[in-house]
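Both complexes below contain subunit A, partnered by subunit B and then by subunit C.
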Partner chain A sequence: MVPDKTNPIWRKIVSYSDDYIFTTLATKLMMMRVKMIVENENTNKEENILQGIDIAYEYFKKNQSILIEDVDYLFKDKDGV
Partner chain B sequence: MKSLCTLKEACELINQQKNLIIAGDEALLKQLPHGNWIGGSIPYFMTENGGVTSHDKLSVTLLTDDFEMVSIKQYSKELLKNIPDDYPENGLSFIIIPGDSASHFEYSENCSTWKGFYNSPIVGWISGIDLKDIGLKKPIVINGTTGEMEEESAIVMHLSLKSNKYCQINNINLFSQGNGDVITFPETGTEIKECFVNGEKILFSKYLHGKKISGDIPLVANYHGAFINVSFKSISSQEVFMYAPVFKGVQYKMASEVLNYEQRFVTELQKMKVKPLFTCNCILNYVFAHLEGKKIGDLVGPITFGEIAYILLNQTMVYVTVQDRK
Partner chain C sequence: MDQQNFSKEKKLLLVEDDSLMLEVLKDLLSETGITVHTSVNGAEGLKKFSENKYDLIISDIQMPILNGVEFLKKVRSQDTYSPKFMLLTGYSTYKNEEVYRLGADALMNKPFEFDDLINEVHKLLMESESRGLNGS
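Our next item is the complex of A and B:
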């Protein structure tokens, strides 16, 4: 199960996305978008992270039943499942 | 179903109220009756007999009974950002965009910024023309429900899928990043003047000329393990034109050389576990790999001016599978 948006794991995922290995093409592309937002130096860092969390959370929440490998990898035994 | 249909065969499928995605010469598309279909111009196809150029046959993707059509909608450049609002709850959106149109450029540069863009699968292609007609004709798309033809707007068929199924979009890219310089760009776009090579500013064209890079292999970015190509349209003395935008903040490298395209494709296809619903491949693979008359596994479908697997891709094969939910 995808954890609540307030779970600290989201901040870790969006801030250090290069440290993760994603399985599905859609997740890889979506996380690249998140990375570009988070690393944008022209806007507020904290706002960027929160925006990244919103995008990633909505994506995983909506698709959790079909992103089993990515969801298990990211959240299993990390207060998510 | 065979890979290419005659006009009469395509008309019969339309008249049976089937949901269809159709690729073919503009002159043929215009003769099709109204119905549940969208279409785009292109005369190049992967068939069971290999790559072919045809002006008298159509590639028809028949959407199975697992799908139900929700809507067919046209989106101008300004309205493209609303596409995610029209996504089905569980399904697939098929998009065809006229090549070199305002919607083509808008989609390629900005699609990933649209709210909810990645929340549902969107797949498709950029329509084109016979390479001999470049400068003479324009690529088009057609809304089959009205027969309306468009040179600037995109057409999308939104489909819902049975609740026990889901769609997955994937790609086969024979290119990967080479071991060369890290190239970044100060701006997002398809027309490039300057770049940074290992952090040092230089005219991109000068860099390419110096490295004797002619443009048959793409720039490649690594999107968390997915290699994303950006292909060269032309290289002049001052400017470089690309088929898809490079993005500010993304690191690119020149691709490593691909030897024996056909065999590499077959090897990649053998890893595929599910027969795809739809496949398209890039015109640049067709041209540079000399795929005319060569069979690429069992995959069939249009050979296009750009492939869409969520974002616009270049020199890539894209496919969609329908899978059972566990």
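Our next item is the complex of A and C:
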């Protein structure tokens, strides 16, 4: 199950996206988008992270029924979830 | 990672039957500054092609109703205008040489990296612009 947006795991996911290996091509591409936003040096770092969390959260929340492998990989049996 | 930025004047038609991929690719490409229209199969894509003028069409190859290659053939058979055309390929019975012969300008094998896709898009749009400037 996709955790609430306030869960600290989201910050870890969007800040260290290279550490994660996803199964679905759409997820890999979505995380590339998040990475571009988070690493944008022209805007505020904290705002970038929050925007990245919003995008990733909405994506996984909306599509969790078809992203079972990626959702399990990220959230199943993880501390704090 | 460098983010390529294009003019909003650049118009792209994205045709993909996987709704998740369609949404993600649309968001990604839109953030580079391109205006992106979408369709879920070749038949719908063909309708949009006839109603708009696109600089580039990106189409999945495996789709119901009208697949990417049949869509490409119909686009190339029109004498209205000739946009750049990129096919996204996964498993397919079509050979690369065949789709190039039919008029594809680029192929992108799934799974691909976003950087590779955007570099190819940039290259095709530059070619399209240069063709326009040359009046050919």
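Going forward, the second predicted complex is superposed on the first by the 78 of 81 C-alpha atoms of A that agree within 3 Å, B and C clash if a C-alpha of one lies under 4 Å from a C-alpha of the other, contacts with A are read in each partner's own complex, and residues count from 1 in each chain.
We adopt the following convention: a contact is a pair of C-beta atoms (placed from the backbone, for glycine too) under 8 Å apart; a residue touches a chain by one contact, two chains touch by 3 or more.
Please read all numbers here as calculations on a predicted model, not as lab measurements.
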Per residue count on subunit A, the busier partner among subunit B and subunit C is B
One more residue to check, A:T24. First (subunit B), second (subunit C), both or neither? both
Based on the superposed arrangement, let me know which partner A:E39 touches: subunit B (first), subunit C (second), both, or neither? both
Between subunit B (first) and subunit C (second), which, if any, makes contact with A:K5: first, second, both or neither? neither
In the superposed arrangement, does A:E58 touch subunit B (first), subunit C (second), both or neither? first
Name the contact category of A:I68: first (subunit B only), second (subunit C only), both, or neither. first
Under the contact definition given at the top, report the residues of subunit A touching subunit B in one complex and subunit C in the other. 24-26, 28-30, 32-33, 35-36, 39-40, 59, 63, 66
Residues of subunit C that touch subunit A when the two form their complex: 1, 3, 18, 20-21, 23-25, 27-28, 31, 110-115
Which subunit A residues qualify as touching subunit C in the complex? 24-26, 28-30, 32-33, 35-36, 39-40, 59, 63, 66
In their complex, what parts of subunit A are in touch with subunit B? 17-18, 20-22, 24-33, 35-36, 39-40, 55, 58-59, 62-63, 65-66, 68
Could you please specify the touching residues of subunit B with respect to subunit A in the complex? 112-113, 116-121, 166, 168-171, 223-226, 247, 249-250, 309-311, 323, 325-326
